[in-house]
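Submitted below is the structure of interest, expressed as structure tokens.
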Amino acid sequence: MELEKRLEELRRRGEGALMPHVYFGDPSPAFSFRLIRTLAEGGADLLELGIPFSDPIADGPTFIAACERALAAGVTPRGCLEALRRLREEGLHLPVLLTTYYNVILSMGLGKFCAEVRRAGAQGLIVPDLPVEEADELLESARGEGLHLIFQVAPTTSGRRMERIVGKASGFLYVIGVEGVTGAREELEPSTVELMGRVRRLTSLPLLAGFGISRPEHVVSLLRAGADGCVVGSAIARIYSERLEEPEQTLPSISKFVRSLKEATRSPP
Amino acid sequence: MKGRFGRFGGQYVSEVLMHALEELEEAFERIYPTPEFQRELGLLLRDYAGRPTPLYHARGLSELTGCRVYLKREDLVTGGSHKLNNCLGQALLARRMGKTRLITETAAGQHGLATAMAGNVVGMEVEIFMGVKDMERQASNVKRMLLLGAKVTPVSTGSGVLKDAVSDTLREWARCTGTTHYLMGSTVGPHPFPEIVATFQSVIGRELRQQILEREGRLPDAIVACGSGGSNALGAFRAFLQDEGVRLYFVEGGGESLEADNSAAAFRLGRPGVLHGALMQLLQDEHGQVKPSKTRAAGLNYPGRGPELSHLCETGRVKACHAFDREVFEAVRTTCRAEGLLPALETAHALAFLLNHPEEFSRGEVVVVNFSGRGDKDLETLMRYFYGA
Amino acid sequence: MKGRFGRFGGQYVSEVLMHALEELEEAFERIYPTPEFQRELGLLLRDYAGRPTPLYHARGLSELTGCRVYLKREDLVTGGSHKLNNCLGQALLARRMGKTRLITETAAGQHGLATAMAGNVVGMEVEIFMGVKDMERQASNVKRMLLLGAKVTPVSTGSGVLKDAVSDTLREWARCTGTTHYLMGSTVGPHPFPEIVATFQSVIGRELRQQILEREGRLPDAIVACGSGGSNALGAFRAFLQDEGVRLYFVEGGGESLEADNSAAAFRLGRPGVLHGALMQLLQDEHGQVKPSKTRAAGLNYPGRGPELSHLCETGRVKACHAFDREVFEAVRTTCRAEGLLPALETAHALAFLLNHPEEFSRGEVVVVNFSGRGDKDLETLMRYFYGA
Amino acid sequence: MELEKRLEELRRRGEGALMPHVYFGDPSPAFSFRLIRTLAEGGADLLELGIPFSDPIADGPTFIAACERALAAGVTPRGCLEALRRLREEGLHLPVLLTTYYNVILSMGLGKFCAEVRRAGAQGLIVPDLPVEEADELLESARGEGLHLIFQVAPTTSGRRMERIVGKASGFLYVIGVEGVTGAREELEPSTVELMGRVRRLTSLPLLAGFGISRPEHVVSLLRAGADGCVVGSAIARIYSERLEEPEQTLPSISKFVRSLKEATRSPP
């Protein structure tokens, strides 16, 4: 399914996009399959599928632990791509963004990685340690395969850099609302709202807000502030992390949680 | 290209940190060359750190090797290693940038200690991230840091060693770039860190050049330095990069053996990759996952080699070598007996290479070893190794 | 009178040792002034020991005291204290005298360590006598000495502390004066030791004088030094004895209190007496039995004060003061925080006196503290004191 | 009893002098009284009575321990002098030399100490840490009280110093045969014999050899080498040190030992 089309459609419906973010293979590939199905059924509009990395410097404790568990379970980048292919075969229709750190991509080779990603059925890439200054090579390979390379902006991003980023971005912009790393937070910071306004003035690209979103109220505030959607990651991992011996037991709670978030994306502005 | 050494280097960090890196680069370029900064740093290096450090003609080691061996005595810098050269520089810079807090990571504890010292000198709060395993292995340096009033935060993610502490410090920095400076301890990390650290450490080579000319009337035939990130090595090498006649040896941690996961020899066992913000020579598996390094020298226990060093070794200007743990312990003993000097386990890598590779050094050659630090921090490890328990 | 400072000094030793003392005196007077000896010693002091040591303007301590406080950085000498200045000198002298072996005693371990270093530099065998209690308290220095290849012989006579170790070393020396030099570690013992040690240590004051003149354009108002035998203090003071305007403070170990047997304050609690070959200020009971001293600083735990120091305090040229253990620990903490420097417990006596006696120092005065050593050896003691266990 | 007379008498008889050396109060004053009587009865010609000192630098392990025990038993310099007075009252007739380190003397005051010593009934002083260079003051006080100040010579003593020592000596010369400190040794060193000859050429004063003498054979050799007598110290303390709980039990062995030494002083040259 086309990424831009889906976001366009949601915008037309006056609805925010919900993009859950999971690291594949945590704590096991089998669970990830069930989790992703649950998220899709619960109303996810897009999916950010993480390939675990040994040193996820942009992630907080929840996702650090997720990566460690997934790697301990023997998950490899190829395994993740294979899994996506299987999810597609089994009928997963959402647009999927593959997230990983740059070294994983470099290690496979930029061109080869992008080709594999496209073949597996993803629509784009998110590389949290690849700022726009370092992105040209990957951008070229990704474009060659028809993949979006999603860029991030943050409260600390200067106007000059924001313009540079907007100039190269496609698909959507990933708006990091807070200073710091991934991880569920209780409160949204006012800087997030302010940032949304700043970006909006520069581009008509869809804006997906991420980092720290853990409640339906957050989603509502962000959409009001101008976001086109939200990324929710650690808040989901946090739920199953509490019962790692039998994570499936938490799927009903996760389902309920995702539904409540999706509900929030539909609240009138 | 800015921030690149050949193909190595770059700025592979989260967007959140880019602003801080730009701010730092700008500040460094603006402040570093000013006479006031040079004067303040120069005084601290002289009176606080104890520079210039001597160049010692080591008679015992000379006899053993047949060379004219000189030791550049960075062990005499306050705190016991070259680390303070860089810490004083960055701490002064950070204060002029209006920061009020320094954070960093440490493995051997030498860099953490030097940061705590520099923080107290300039009057800034200090927090040190340290892998839980390193905290055990280098307990005495943890104590020193605590006495100096620094907060020491244990890092238990990953393997609880240096690479994990670097990751956690980067994460902490992302939260508070406004008030806080990440005082990078080696020539690693995203641009401009490798350049800044090498610049502050290059005082070693400038002194060395002048001293050896006074002593020998000519440049040395070879300089040998240990390292992982490469700060003491580049500090010594930079002043000689243009002098083709001066051979430069970089000695990394061979660990137990070059097999599987028993080594820190990234030049032998790694390939270029991105970690902690830069493209560099990196120990990694076939999937691009970073491999934990292994060596008894905590300060060499890092899977990456700084971008400048990666480049210099790729072009052949610097020769990458390694020493194994058992050679290193023997070199400690030899140096203790021959010179009355107790080298750090890190430093002993350079000495071990010199002692065990006669094929590299001809009789009568002038060889300088960068004596990067003293071994007091390794006392327990050494006693256990030599005397058991 | 030869070997006397006022009424203090002399040669109160067994007839067996008199020959060795005469031989030593003759050799010192003959060899010390020669250009070859001066040159060899000068090079070792510069390149091995790390001299000149800096004179550091300590901003934090200056703020706390209202004075312009300078620290003469003997902590930066190889091994971590002023002790090596003397050891290199005596070791070179002993080698030229044809001796093949050095013996000595040590309390804090700093002098033992320095002797082991100097012995390795000149290629002589080294044996260190150390009280069993001191071996426990300064375990890390025992380890350093062992690594350097010195033989460390435990002394369990008496109270198993420094004074007993000195006695045992004198006894050992009586057995083997032909081959062996007793490398006296402080300005104590029979003539010519106090003169020899003070001469080798006076490099401190010569440098200091030149440095403070460069820095302040004038002599300091006061110099503060800790001590027991007095070697670091005399080393700093000697160059200023003729300058009436420079006040000299000597700080001894007050211990827990000045009561009964809880102190090492020989100037406060002792009277002249003969121990270990010299007449000096001495802690003793009414019958002339020597009293054990008590202080947490092993290096100050000696009941006698060297003859020259005894004389200078008797004439009033030097003011004898003391600091109590608890003040000393506080001074360690203050100096760690204010300057990022960890002083030895001995050194911290001088700092404690400066910090706690504002009545002695007027605002704006230039005060130099002889920073005789670093506190790494005291790490365990400090951690136990501040953090318990 | 006069010291010089006694030595003169022994010389006339062709007999060597035997001078036992004990530290008073080790392990108790009561034992010392019995020990001294035993020595006198066993044939001692002179007695060296030690006042224990805290830091006896010229003594070896046996006498270091003796000093420590005596001090721990509360013995003081005055107590020692008092004891000597009592021994005299009880009939001890031997010439007695009081031995102690210089600080004990200094502490009481040189003049006062010498007066007390004479009153207690001793004939001279031995001060092992007082070489001839430092001795003038004490020499004067001692002479004033008619006390001998006994000087030592050692294998390391130069000819020049030997002359100076001989010039000031009276009573006898204490010839230290070995380099080192007090303490029983198994073998006598050849240097001892050589030294005896060197001294004899310079003076007609009686020569008493000391340090390390532990067997009758030693005594015989030393007398043959020209000594006028021997000092035996640690070898005696060593005997009772082995049964410190009940040292009196060793008095018969000590008696036997002293008799054997005295016997040796009578063997024809």
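To keep things simple, chains are lettered A, B, C and D as they appear, and every chain counts its residues starting from 1.
Keep in mind that, in the parts below, a contact is a pair of C-beta atoms (placed from the backbone, for glycine too) under 8 Å apart; a residue touches a chain by one contact, two chains touch by 3 or more.
None of these values were measured; they are calculated from a predicted model.
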Quiz prompt | Excluding subunit C, groups that stay connected where the other chains sit | solution = A, B | D
Quiz item: What whole-Å value do you get for the distance between subunit A and subunit B if each is reduced to the mean of its CA atoms?
Solution: 37
Self-check item: Distance between the centres, which are taken as Cα means, of subunit C and subunit A, whole angstrom
Solution: 67
Quiz item: Centre to centre, by mean C-alpha position, how many angstrom separate subunit A and subunit D?
Solution: 97
Quiz item: Multi-chain contacts in subunit D: which residues touch at least two other chains?
Solution: none
Quiz item: Counting only residues that touch at least 2 other chains, which ones in subunit B make the list?
Solution: none
Practice problem: Pick one for the touching-chains graph, please: line, ring, star, complete, other. | Solution: line
Self-check item: Those chain pairs that satisfy the touch definition
Solution: A-B, B-C, C-D
Quiz item: Okay, in this complex, where on subunit C does subunit B touch?
Solution: 46-48, 50, 53-57, 59-60, 73, 75-76, 78, 116-121, 140, 143-144, 146-149, 332-333, 336-342, 376, 379, 382-383, 386-387
Self-check item: Of all residues in subunit D, those that touch subunit C in their complex
Solution: 53-61, 64-65, 68, 71, 76-78, 101-108, 128-131, 133-134, 151-158, 161, 165, 176, 179-181
Quiz item: Can you list the subunit B residues touching subunit A in their complex?
Solution: 10-20, 22, 157-158, 163-164, 167, 170-171, 174-178, 272-277, 279, 282, 284, 286-290
